[in-house]
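Presented sequentially are two complexes of chain A, the first with chain B as partner and the second with chain C.
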Partner chain A sequence: MAKVRGEKGANIKELLPKKYQDLKGKELEKALERYEKMRYDYGEAIGVVAAQSISEPATQITLRAYHAAGRVQLVTTQGLPRLIEIFDARREPKTPSMKIYLDERYATDEEKAKEIASKIKETKLKDLLLEERLDLGEMVIELVIDKDKISLLNLTMEQISNAITKTTHNVEIKIEDNILFVRPTSKSIDIKDLQTLRVRLREKHVKGIKGITQILLENVNGEWVISTLGSNLRKVLEINGVDKRRTYTNNIHEVASVLGIEAARNLIVKEALETMRSQGVDTDVRHLMLVADMMCFSGEVKAIGRYGVAGSKSSVLARANFEETIKHLTRAAYRGEEDKLTSIVENVIIGNVVPVGTGTVKVKYKG
Partner chain B sequence: MSAKGKINSIEFGLMSPEMIRKLSVMTITTSDVYDVDGYPVEGGIMDPRLGVIDPGMVCRTCGNTYESCPGHFGLIVLAKPVVNVYYVKEIRDFLTYTCYECGSLLVSKDKVKYALEENVKIDMPKKCPNCSTMIEEIKFERPYTFYRGEHALTPEEIRQHLENISDEDAKVFGMENARPEWLVLTMLLVPPVSTRPSITLETGEKSEDDLTHKLVDIIRINKRLQDNLEIGAPENLIEDLWELLQYHVATYLNNELSGIPQARHRSGRALKTLAQRLKSKEGRFRYNLSGKRVNFSARTVVSPDPRIHPNEVGVPYEVAKELTIPIKVTEYNIEELRKLVRNGPDNYPGANYVITPRGIKKKILDSNKEIIAENLQVGDVVERHLMDGDVVLFNRQPSLHRMSVMAHKVRVLPAKTFRLNLVVTPPYNADFDGDEMNLHVPQTAEARAEAEQLMLVQENFRSPRFGGPILGAQQDYVSGAYLLSKEEKISKKDVVFMLSKIGKFDIDLDKEYYSGKEILSFIIPKGINIEFKSSTGEKVVIKDGVLIEGVLDEKAISAFKGKLIDVIDRVLGHKVAVDFLYDLTRLVLAYLNLRGFSMGTDDLEIPEEAEKKIQEVIDKYLTRAEKHIKAYKEGRITPTPGKNIEETLEDLIMQEMWNITNEVQEIIKKYAKDSEALVMAITGARGNIQNLAYMSGLVGQETIRGKRPSRGYRGRTLSHFKKGDLSPYARGFVRESFKKGLNPVSFFFEAMKGREGIMDSSLKTRVSGYLERRLVNALQDLKVDKDLSVRDDSGNIIQFVAGEDGIDPSKSDWGELIKGE
Partner chain C sequence: MGMVFFNGIPLGKASNLEQMRKELIDKRRKGKFPKSMSISYLEDRDELHITLDNGRILRPLIVVKDGKPLLTEKHKQKLIEGTITWQELIDEGIIELLDADEEDNAYVAISEEELTEEHTHLELDPAMILGIEASLLPFPEMNRGDRLNYGSRMVVQASGIYLKNYLIRDDTAAQLLVYPELPMVYTQTEEYTGLNKHPSGQNLVIALISYEGYNIEDALIINKASIERGLGRSYFLRTYVAEARRYWGGQEDIIGFPEEGVYGIRPEKAYTKLSEEGIINVEEYADTDDVLVSRISPIRFIGIQEEIRMGISNKKDNSITVRKGEEGIVEKVILTENDNGDKIIKTTVREYKIPEIGDKFATRHGQKGVIGMIVPEEDMPFTESGITPDIILNPHAIPSRMTVGQLMEILAGKIGALVGERIDATAFKGKEEEIREMLINLGFKEGPREVMYDGKTGRKFKVRIFIGIGYYLRLYHLVSHKMHARARGKVTLLTKQPTEGRSREGGLRFGEMEKDCLIAHGAALTLKERFSSDRYEFYICNECGLICYENKRKGRVECPLCKGSDVEKTEMSYAFKLLLDELMSMMIYPKIKVTRKVVI
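Moving on to the complex of A and B:
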């Protein structure tokens, strides 16, 4: 009978990590011998070990994101807060950020890179204003536009006006030189309405990609890379000249929806590993891979905690033991649930041997 | 326990009124608890039929004594039904989506399911599609009031409505094996007395459990409601009492409902009712069910003992005499055990108990030890004292990783602390400033075998976190090993002394003088070949266990970083590596005892020239900082992208302050005296060059939250400065060194920084503690299956091959099959 691959003496060559696959003769033998010794034992409580391997050094990680002074850089969340953010699977990270790589045509040319960068950065109307006035007699808002800025951004007054009318109803816009006269068309307008309109106008999206608030062009190893604050992967990938394969965001949910769950899983591993490494903490990737797999194996990104992985366990007592005891117990009664006592917690509760490690096997005496 | 008591699964469900009736042994009819003589009243809440809690009494229901009577439930029949507050949301859903006349669903099954799952409102029909009754919107008001249109529903009406719903329709709402009307209570199960024991105070006064108090409230109101119903009291009076009954039952179930006041004890303390008993950290689940108390354990202060093996733990006689191991008497060991029994419980090594095959446990006393020894028979079990070589588990909290519990072999020693070798200090993160540790004695042969094979200190040589060594030398051992490897001439006499300390007597010493490297080579195992760079930057060469070139320091022998111990472990195994550390540390200790090692303030002295250079550096960058401030005041600073002018200025000044720190550090590196303090810094034994620079150079810029201190008074940090003063000295720049002494202002800034550090670390332990709890809870059921896949407890595959390549980091070489080439 063929041996199961966890057993001693099973054919394990196929499992050998890629870089050792090409070894031949004695070297291969040696590698296989080592490999056989290094493999996981049956029943190993791999989950607890992974959890501890992440949280034990977490006590050494800084709580606040300090950044090296003087260097020009975008400040992103670091350290423990970022790690927690990743495992919480927040919809939106505190500081979403992208690294946009360009393809060969643009990467080495600073001018072309700048051109793309200006396409990406979101410009709001308030960024272009020199002055804004309320003409209360005429009930008109006068917006004075900075001409230098719009020429720098290759914008025309018409484009700005169109950007406003596209998303704002019931307004008329007249253009005079560098001033926009915005007049609400509805009949009954009082000063208060005019004020709220003015505030709304300030936030109007004029150009670029929504959400990208800051950009920084950097030369990394001879190629121009755009770092951003704010993230919008779907829109950025649509831009011509962006290297779609390397372009990167730290927003896990965005990656899950644009590139799929596998990509999101890889991003969790990468982000968590980098967060820990940047704090000088050495943790094996395998632990982070397990956490990421646990978060993603259901097909959607689930948080570590009450509303995610821990809250969707099959065991009633395990859930009740973690958080929201009453909710889980009453709900289990209502649904007539049955706890099969397969997980750790229940076995601890009823005083059984825990079904991991040496608890998975029983010694039987054979005649 | 016998096998017949094995639990296979636990079913959860709601109780039907019939079931409640069947389960209860009596109906509680009176709110009186005790009569004048202090005896429980028949039909009261402490009725003896509910179980016995006093020794010597016999249960009137089951005939058992207080030890074996499990307790029995009572019954309260409610005069009017009340809503079960645990299920108000479910009741609301039933009322909203079914017709109150005919009980049929108002919209399709799928729509109901959708609305419940997504928690959204869906359009409701105006009329019941089945019986054309007009449907009014159901409104729910926390915590337990329902309205149909404007009409407040009584629990009776709700119950009637729920009774109309068919079993099939109930399933749509997720209900299984239950009836919707059971969510409105008509009777209450009274928990047995043993779950709510009363306490007799010293004064003879009886103090009742919170649950008893609450139940008395319920009974009292129930009775009043019953009486008023019988005499046909006015409706509003009945309604008030009904509402009160509802309140009491609600708080009996959960006393932390929002929207109603908590039920309180006479003293004003909120009552701990059913929900509170189970909930949260101090509740039944986490405190009693998941966290169990154990016997055969000990706890005391730990102290260091470099002369016991890392695999051992020193146990005081006092502890060894209290903790026991059960040994079965056989014809081979009967004489030995008889001797132990004869020694009795007070003379070490002795025994405390003998258990006969019939299960009778006899305590060995001075008075009966001879008789018990005489009568000792094959098949008895003797609980003998802990002895040298027994395997025990040793633990230090916080148990952050699995190496926080390791197995040690016992060495019974005088004095009252647990002793451990300093080499095992890193995995426990222990020091000896008063740390206490716990010790557990496994009671079965299986447990001892597992502990010894899997948990022994040497088996934990490599951390599963990163696959590197987690045992190793620290502090004095590191600096000592460095100094020893630099020593050129050690007399034969001293060599003999040192080697005698590690019990190495089999070496022929044929030279008058030996170098430190030669002595170290005596204990480095043969077959070790390695080349690496030391912490001091020197090249280290070891060939076949001989230290040819270089020094041993942090990079060679310390936990986490030691390359030498790493290689020994990989090539020759855990046992050799730990033995090497044991030998090395004792050898180094012997050497340090001969040489002496200490530091003083004169280690920190630096030459005039260095002082002058430091002053120059400070002057240079302070002027530059002043320039930035001047430029800022004149508005000549251009902001960096994403920052305003003030932030940009801060960045610029901070940069200059960093420059001072860095350059002074370089100066100190260059001019520091060749002293013990420097040895400690460069070998990685303790401290670093920066610490030296703080002591003999300057402290430099203090930072609060990564920025210069700015808060305090309005516009300034201290009242000694002018408002708006941005200069370095006004914002936490400390020019003095620790040796010179800080001036009061500097001292204050230093205190600010120190305080920040303390607050940060206390907050951090809390945050990361919760992260740990969540991570462990999410991952604890994962284990490696026979085919190397990772599965959870329901058999879902999480990874097809554990860690993608099946390599266990704790057995690997820093996570790799072969490190480097």
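Moving on to the complex of A and C:
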């Protein structure tokens, strides 16, 4: 059997993917040989190789997001803007979106799926209004509610009224057929206050999950799947009937806080790879895995760039070489930082041999 | 109710602006308003804009009423007879001048056939939709749009006779084609731009074949005999300006020979071509680095008295010399003075540029290429009638770029040469059928392709070759102005790194991304070598971490701070030393700790 380097005592065969576990004899030897061959050598600059392997194909992606006209679909950020968004680890993606899978009881039944979908979609008061009036004599806001809409959403006038009073203090609500009379109870109130109240009321959350603005029910391979625009993973997972294993969001920070850093790391890999593949370019997953690891190993999602990975390099010179030179040099002077010259850029600057590839080998003259 | 604006300033509100626009235009046509006044209605904003300010480009169109152009056959007849002028047509309101704003309200028909009731204007000629550069291209309607773009961009770069008064001009750099020809296949625009008086290209016999692979990647193969007969030869003129300035304090630049020992004096040979005044003679040959105007300038601003008192020479040689890599014959010398009364000497050097490998040529269809090989005439392929092509173009240049116009031009050029008349190829003339007929009448039943023979072996080619006449432009990008290489050479004073740019014999930058590539390959020592252009040896004090100097008197290396000599010798880039120096100038004390050197 070929000699395989590895962690001490580790059985390399176990490390192989499942489908290769039954290999025997020559085939196994060949597989192990290949495994050995494909491994990086000591001192190879895997970071630079990863960066080049991602950025070269990325140059081929057109900047323009593509969408087909007239199709029923949710338009999400694609292509280079999305890729930049992922590696920049933005707090909130430009178009957060979810893919909500349902468990067996709901997945095949369209009616039940619709029921869940209606629970998820956020309804604001402004979506239900037919008309809004200000009665300046009485200092009352009159909200005329669309009856068809509320019956479609299984809402009653009382529920709407409760939704308002729950979060708005100092208001009194009277219901008359399909009109809500909202009267502020505080004593001194002028027209300006009434106007701001009216604007605030419009944005009141009535039903559904906050943040999910659009919904699309699709049948994928005989199962009903809900695609959304807007994301709120924590709340969606609480809903009965949602398949908690497969439900998916593209908001990396949300995944990190709800499911943990490992999940976030996997999401970075998956999203980046899929973004690239959808634009017709490809790269090896392992490059993306390395980048995702660099972004996540500290326990929180860090961006590639000034405020993230590149900004937290240990070498002063390396940081000063990248961006904000003056900031890093003054800070280093102020703190009395030391540069051990252990990495690449700083050695290029002073003109030393970089500790990479052939430069990792050192020979000392014993004499 | 919409707003009415005059020159962008609101005048007031009015209703029924569309109606108002029509009435105003009617009045303008009758001559009650200036003809250059633009009246436009913005429908989406319900605004009427009346403009009369400067800087608007106006464009003539024929006015159409009820689907009939106002310019009738009568007018056309009168125009030919010369009894009516253009200005009269405008005055009568038959031809109208529209600016970009008013054009948005117009519905313009391109040709008379497509006129309907709704049309408001008619184009003077379909080719008028193109700009000047684009309308200089032959058969533009047969090419893909981007090729026209490239083509018109390169027409501008062609060397020809750029202006007819070039002999009395003193442009910094100019290029003149020696034997410009009128194109065999022309457009009518030529006449109006004056390009038919001073054209900028030559009609060459083009064959579409490969030739030993020396025309791959758009290279061109040129017949040596053609070059010897004058193909593509041009003159390159460069004017050098020398100013003899007067400085504050009574000092001035002197035009004249420097004495022995003046700072920066050149070898004696460089001054031999000058006349007694220190200025080169007309029609004298000047080589690279030869002095054109010998000028002596003061170095520092010390007065004449101080100069005598202190006994230092305050002179430096500041002569104007021929640029590196250039040479030529002095075309003219102009002596004049500027506003301050300072003497100005302008010398123009003329260099004869014969096409060589690497010079750039292009057709008017965006088909550009550089010369890949110059072949003796006897080795060139020839036709039955003994014609050898001037240029061999690779057939691969055609299919992917779809420049059908190029093929049409070669074909039309061939016909023109055989019939003896120039062919009009203005846009949208629909000449295809006519050309086909002429071709058949000339006996080319199967197209313009001809039987050809290999010039080296004399064997007949198995296929017939597309051969004809096309117009080629010599573009001003010449190899002799661009070729550059260096192994070692000048460095800049500040950083000790190689200089930048061809004119300074500069190095080629091995940049950030190139660095990454070497790292990705793990080629650490190659990388070190690449970046060792400013390698420098330093002594560093083990105590203070500062760079030390050699004290020659004491014969030892000394630390500037502790004066000790416990130092370590290291090597690093000079640029890094400079960085440390600059940090020190900003009161930051960078300390270098040297560990024992590891031998690699």
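One rule holds for everything that comes next: the second predicted complex is superposed on the first by the 346 of 367 C-alpha atoms of A that agree within 3 Å, B and C clash if a C-alpha of one lies under 4 Å from a C-alpha of the other, contacts with A are read in each partner's own complex, and residues count from 1 in each chain.
Assume a contact is a pair of C-beta atoms (placed from the backbone, for glycine too) under 8 Å apart; a residue touches a chain by one contact, two chains touch by 3 or more.
What you are looking at is a predicted structure, and each value in this text was computed from that prediction instead of being measured.
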item	value
Which superposed partner A:A333 touches (first chain B, second chain C, both, neither)	both
First (chain B), second (chain C), both or neither touched by A:E56	first
Partner chain in contact with A:R90 - chain B first, chain C second, else both or neither	neither
Partner chain in contact with A:I349 - chain B first, chain C second, else both or neither	both
Which superposed partner A:D282 touches (first chain B, second chain C, both, neither)	first
First (chain B), second (chain C), both or neither touched by A:A45	both
First (chain B), second (chain C), both or neither touched by A:K112	neither
Which superposed partner A:K362 touches (first chain B, second chain C, both, neither)	second
Larger contact residue set on chain A - chain B or chain C	B
Contacts of A:K99 with chain B and chain C, given as first, second, both or neither	neither
Shared chain A contacts, counted only where both chain B and chain C touch the same residue	43-45, 48-49, 51-52, 329-330, 333, 344, 348-352, 355-358, 360, 363
For the chain A and chain C complex, residues of the former touching the latter	43-45, 48-49, 51-52, 329-330, 333, 344, 348-365
Chain B-facing residues of chain A, complex	4-7, 12, 15-17, 20, 31, 34-35, 37-59, 61-64, 66-67, 69-70, 72, 74, 80, 83-84, 87, 214, 216, 229, 282-287, 289-291, 293-294, 297, 304-305, 308-310, 313-318, 320-322, 325-326, 329-330, 332-346, 348-352, 355-358, 360, 363
Sites on chain C touched by chain A in the complex	515-517, 519-525, 527-528, 531-532, 534-535, 571-573, 575-576, 579, 583, 588, 598-600
Complex interface listing, chain B residues touching chain A	7-14, 86-87, 90, 174-178, 254, 275, 278-280, 283, 285-286, 289-290, 292, 400-402, 446, 450, 454, 464-468, 640-642, 650-652, 654-655, 658, 705-706, 760, 763-765, 767-768, 771-772, 774-788, 790, 793-794, 796-799, 801-812, 815, 817-818
